[in-house]
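Shared between the two complexes below is chain A, which has chain B as its partner in the first and chain C in the second.
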Partner chain A sequence: MGALLTAEDVRHLRTGAHFLACTIDPTAIYVYAEMIEKAMENRALELISIDELAPDDLVVAIGMVTQGLFIADMPPVGDEFIGCIRAIEANLGRQVRAIYSLAAANINGIVPLMVGLQSSLPVIDSDPMGRVFPLISQTTLNIGHVPISPIALMGVTGERAVVEAHNPQRAETLVRALVTEMGGWAATAMYPCSAGQMREHGVHGSISRMIRIGEILDAETSVDRKFQQLAEFLGATRIARARVSHVEGLSRPSDLGLPALPSSVTLVDERSGQIIRLEIQNEILLVLVDGAIAAAVPDIVSLLNSEHGTVVNIDDVRVGDVIDVLKITAAAQWYSKAGLDLAEPKAFGIPIEHPRRHHA
Partner chain B sequence: MRRSKSENHLDVAGLLAHGSLRGTTPLYLTPSSAAIDGVVLVSQLDAIQRVRPNTVIVLSAEMGSGGWLVSAALRHAWERKASAVVVAGSTYSSAVIGLAERLGITLLAAEGDTSGIALALAAEIGAALSVVDAELARFARAVAKDTTLGAVLKTISRELDGVEILLEYDGVSLASAGTPTREAAEIITVDVRGSNSSVPSRLTARVPRSGVHNLQLVRSILEVATPSVNAAWLLGDVLDTARAVPTAALVGLNHDPGSSWTTFVERHRHLLFQLGWRGEEQYVAVWIRRASLEAHRPELTAVLRLLWRKVTVRSPLAEVHGGWLALVPVGYQEAADQLEARIRVRLGKSLEELGLGAGLSRWREEPAALPNIVRESRLAAESALSTGPGTVAGFANLDVAAAATFVDEDSVLLVAELTLPLLMASPDRDLVIAAAGAFLDHHGSVSLAASSLDLHRNTLQTRLNRARELGVPLDIPAKLLSVHLILSTLRRSIHNKTSTANPGQTRKDSHEFPVRKL
Partner chain C sequence: MRIGLRLQGTSCRALVLDGHSVVAAAAAVRCTTLAEAVDTTFEELRHELGTEITKVTDITSDAGRVLAARKPASVIAIRISPRPPADAFHVTGLPALVEPVVARTVHVGGGHDLRGRPLAPLGLEAFLAELPGILSGEVRNIAITSVGSTASKDHETRIADAILSSDSEMRISISSDFYSSVFRDRDYTAILNSALMETGEDLAAMLDASGRRHFPSATMWFAKNDGGRAPLARLAVIPIHGLRPEPAMQILGAATLAGAPDGEVVICADSGVTVGQIRGGLPATRSVIRQGYEASLASNAAVVEPYTADHPVRPAVPSVIADLRSGQDTPLPFGLVPTLAAAHDAGQVGSAVAPLTAWIDRLETVSGRADLQLVQRRAEEDAESAAVQLGASPGLTRIIESNVYAMPYGNPGIVRIRVQAAGEVSGDTIEDAAEIHVRTPFGAGEGASRWAPC
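And then the complex of A and B:
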């Protein structure tokens, strides 16, 4: 029997999902959290462990795929994800038993809760990223050779599509093209697989982790206490506490296929004199301290306001702000050779190998 | 190489002022101008991690000009001690320039294609190197004409404005040229004769840090000179081997120790004449001996011959069974004393580091039988080694104690096992032997013996009584000589076994008698 989530859990989940992504625009997370809280007044939301399912049970990933359009600018009608689940069931001729998040951060960390409430399907406390990546092919299920398709999509205007492509990179290209045509975002259901496959290849405890992070960050405690708790819970390390000295936004185009918003932030640690540089494409991909790599994707890098211990949106970073730059190690699968092939800086067009590449 | 050291030395400031870097815009210049030995055009960041120091790193246009990339390139360049980083002209944030300043790396921006800068710089470096190569070729021709090791070292030193050049073997200086510097120096070293020996010899230049020498060039000069060093050393060794044949042959001639030089000459007249020995000349024999035959290193003969030149160049050193021998013509006693002093001063430390000892025969007014003086020097060397490596002993100075050096230790130990079984089996054997030995050393004086061992008289007395209990005949005058000899041998044996350990000793203010666990 899984755990029933409370409204407070959802509020903490919102903070946790925000922290792990340092998202550019957290509005959609807040909108969804609010909707979930309202819906929970009449219904219970069940979070289950993957171990509670039979190995053959069909489970499916739920997530938004965006291509330029902010979800908050054109909110979904509400039936999109249910439509996608039905399309998967129709395609496979089997019933979906439970759903899971496509990512463990940002909007896709919270959307499945709403879908769970709508569909009465339990939500699994697992995901295939353990963080958020911009590409749907960047999953631990892909590392484990679990097929990505069929992929069901439903766009801004209610248009639907089902993509069947065995190669995850090819599926990515097709889905990106469809999403652009559909208007900028699409609700999707993908990676339909057995609970056994998910148990073997997924990252587990994702949602409860986000809730715990939210508990830490939402608490009325000092910044240092929050950091200490994050360090204990996540093994987080503080790369620097530094003042923003320069912001370069949208200064150069990204490669095709990468839904990126490239920008750079330079900070100066006024105590040590170190110069810190953040390279950003949707998420923070690279941190250089005096030109040396201090963190690189798939490491998770997050920013906290040094005064309040609140999450800093990448878009809100201003020259003069003093920010804590934190590094959190991603799920172990990402540091394998196959994992780094999919998600190290080179996969984002940055010609740098992850420092752990030689140990993979 | 005076011209090449100064005029062909390329640096960032010079090339910015009137060289291939003239067209670049300095974003940051280090206070002191870095030397330039090479240039690389990199299209991948990783390539910077392999560049040599003093290299100008030019980032190719296809690498892009992202600020992070310049940051990472600066970092790698700093780690590799690069001279400068050249990037495509763009608008760089003050943070990138700040990082260059922080890391102390010159950052230059080039208008247009950076590869043009790299090519022009490569041509300039190539031109400078070709001058250096010509100078090296001239030096190689000059040093190849030298036939002795001393001349080769002098030529190298002269080429480097008189810096000190050393030929060393296992930390021992074999030969040198030039003026030793008292100030801080860079040590540039290359191996010589590395393939013939387990311990390579090294050719070393001690270059003053305040000088203007390009260290890479100094290394190149040493490398170019290495074949000449090897050849001159080998030639000297071969000539010495040939010259040492009469000395080596002498050791093989039979001679009755009791018979005279005249008898010996009559018996071997023809051979001695052929070998060049003259009966009317006086010689002092010098024997250099190693601690054990097992420790023989084949290259030691060549090494010792170089060292021997510090003593005399006229009398060659021959490798003989059990060591090395030289017969030095010496006309009077003072010259013999000077020879011994010279060996002690000039070779003593080297002999110590090589684990060797040296012995000299007596000087006599009348010409002595050469085999006799050879034997004297061998015995003196053996006695010297028993004192310790590096010792130089003259046969004339040996006293009767030297006789103990030649006692067959194994035989004496066997006799001790047979005649003193209780003592040999006793767990406190070592303490009793030390006490009884000291007692006899001091003619039966308990006070003097206790003082020499830093013990209380009563403690020593207790141990002497213990010796008597164990059957050591300390009170029978007729046996005292033999007992003293056995105890001395046993003490030497114990000392050899426990030279690294500190055997348990009681202080003179203690009455305890510790039992040593064996």
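And then the complex of A and C:
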């Protein structure tokens, strides 16, 4: 028997999912948290460990894939994910036993809880990213050669598709094209696999971690105390406390196959005089301090308001703001050669190797 | 000369600026009705100014407190999306205070994607069948919000046209008039705007009549949430932009009194200490007013944060610390030392000096950096034109903010362009002000209020 989540857990999860993505606009997370809390009034929400499932049980990743209109601008009707699960079951001729998050941050960190409530399926405390990446091929399951397909998609229009593609990069291309035509986002179910495969190749404790992060950040305590607790819990380090001096959109050439346009933020550490540069493409991909790499994807980079200890949305960063730039090491799988091939800066069009590649 | 008015309940308070000098600052006049209070205030000002009343060119009213206090009218919310919500959990939520305002919700099929392509055909026929039922009720206010209306407002305007062609007296607010990439923010903003339109209409008519009577040569304006002003007649159409102007006007007023068009402004009030920024003579703004985890109001408004002990101080940047508390017997918190005492109501000074402001906030498709610069320049020209259309002189407009935002997980090539222009009809701007000079204020002491013989 797994743990039953409380409304308080959901509120903390909301903060944790926001922090790990350092998202552009957290509204969709807020909307889902509110929905989940309402739905929990009459139904229990069970979070289970992957070890609680039989090795052959069928489990499937649940998540939104976006390219176009924001989720918050095209609110889900509510039947999309159930439609995807049914499509996977019909395709494989088997019943799904449990679901897991496609990512451990942002909207996909919280959506599966609503789907669990709607479907009465337990939610596994694991995911295949350990953070959030923009591409569906960027998963630890892909590193472990677990097939991505069949992938079921359903959009707000009610249209549904099932993609069967063996190559995860091709799957990414096909899914992204469908998502664009579905309006901007699609509910998806993908990486259907056995609980045994998920145990071996997944990242575990994802949802509990987001809840714990939320507990730390939601507490009425000083910014320094929050940072100290994040350092103890996540091994987070503060790269800089610096003031934003320049924000630039469309700052690098970009591959049109990648969702979103690149942007950059330049900051100045007023004590040391160091220049900090953030390269952004949906998430923060690279942090340079006086030109040297201080963090690079797959490292997780997040921003905190230095005065209030709240998460800073990338969209809200303005010249003159003082922010803390934090670095958190990603799941170990991402620093293997195969992991870096999928998710180091080069994979995002930035011609830089992750410093850890030399030890991979 | 310019007058800054603050309206609250059935009281009115005025301050007169001549250039950058405060020439009159009256105590609040309270009467049995707001109209009487405004009339009495104007009458007293006429008396005080004597023959100089012809020099009064502009009167700007901060009507935020009145708009917030009056009971909002009932609204019919029309939501346009490809399909209606499948269950109660997926119905768009509104803040608890506004939820009761919605008398009825109508779903219409339709909506657009980020490229402006239809996601579903507009369900106009089904809507027209429902329209007589909508019009036969007592509710006269309508809010229309469509999925993707930041990219195309076609479905919203077609539904609005359908309503107006059956009943031209309906008050309609469409969500594409307010920029937010969040459906529930636009929905909330359009609903609240619609609910306030009647009050805005009444206030505009009352202020206009009183203004014409006492200051026939002056132009009437209302104070906006972004620290700017707009023609008073617009208060009937976009009252939402005049709902919360006070924080912006306080920042602008304190900066004006201190002669600081750029820097940080710390406002110490009875309710606490807040901090904002002034840049180029206007408060730094955000395009939404956030309300915790609830829907945000899609209105450009001054960014105001609580001041804390950890506040990062920039020695090289000028700071204005305005002590606006009603009593100044105790020291300020956080060891702050005021640079500006509450000689005048900073908010009213802000209203009096607020420039005309106009915004362009839209999506554009670009193919590269050169193209981006082109669309940004075009947006800047459009923003300046918009300021001129509001009444600014072409030679006295300037760009305050011009930004491009990448759209996360968006369609390739689509960016958001956000530009603010400010302008003046004539005369000086805050940037020209070395210092505000104070000259013979009249009436009772600041902060006091009195009953006038209305």
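Keep in mind that, in the parts below, the second predicted complex is superposed on the first by the 355 of 360 C-alpha atoms of A that agree within 3 Å, B and C clash if a C-alpha of one lies under 4 Å from a C-alpha of the other, contacts with A are read in each partner's own complex, and residues count from 1 in each chain.
Definition applied: contacts are C-beta pairs under 8 Å (C-beta built on N, C-alpha and C of every residue); 3 or more make two chains touch, one makes a residue touch a chain.
None of the values given here were measured: they were computed from a predicted structure.
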item	value
Combined model on chain A: chain C and chain B, fit or clash	fit
Which superposed partner A:Pro351 touches (first chain B, second chain C, both, neither)	first
Which of chain B and chain C A:Arg277 touches, first, second, both or neither	first
First (chain B), second (chain C), both or neither touched by A:Asp218	neither
Angle, in degrees and to the nearest 10, that opens at chain A between the C-alpha centres of chain B and chain C	110
Partner chain in contact with A:Gln67 - chain B first, chain C second, else both or neither	second
Chain B versus chain C as contact partner of A:Lys38, first or second or both or neither	second
Contacts of A:Ser245 with chain B and chain C, given as first, second, both or neither	first
Which partner, chain B or chain C, touches more chain A residues	C
Touching partner for A:Glu52 - first (chain B), second (chain C), both, neither	neither
Which of chain B and chain C A:Ala292 touches, first, second, both or neither	first
After superposition on chain A, the shortest CA separation from chain B to chain C (Å)	10
Complex interface listing, chain A residues touching chain B	245-246, 248, 252, 264, 266, 268, 273, 275, 277, 279, 286, 288, 290-293, 350-353
Touching residues (chain side chain B, partner chain A) in the complex	44-46, 63-64, 66-68, 71-76, 78, 93-95, 98-99, 102-103
Sites on chain A touched by chain C in the complex	14, 23-25, 27, 30-31, 33-35, 38-39, 66-70, 72-79, 114, 134, 156-158, 180, 183-184, 222-223, 243, 247, 249-250, 254, 256, 259-263, 270, 280-282, 306-308, 314-316, 318, 320, 322
For the chain C and chain A complex, residues of the former touching the latter	81-90, 92-93, 111, 113-115, 119-120, 147-148, 150-151, 181-185, 277, 284, 286, 293, 296, 303, 305-306, 308, 310-312, 314, 366, 369, 372, 403-413, 415
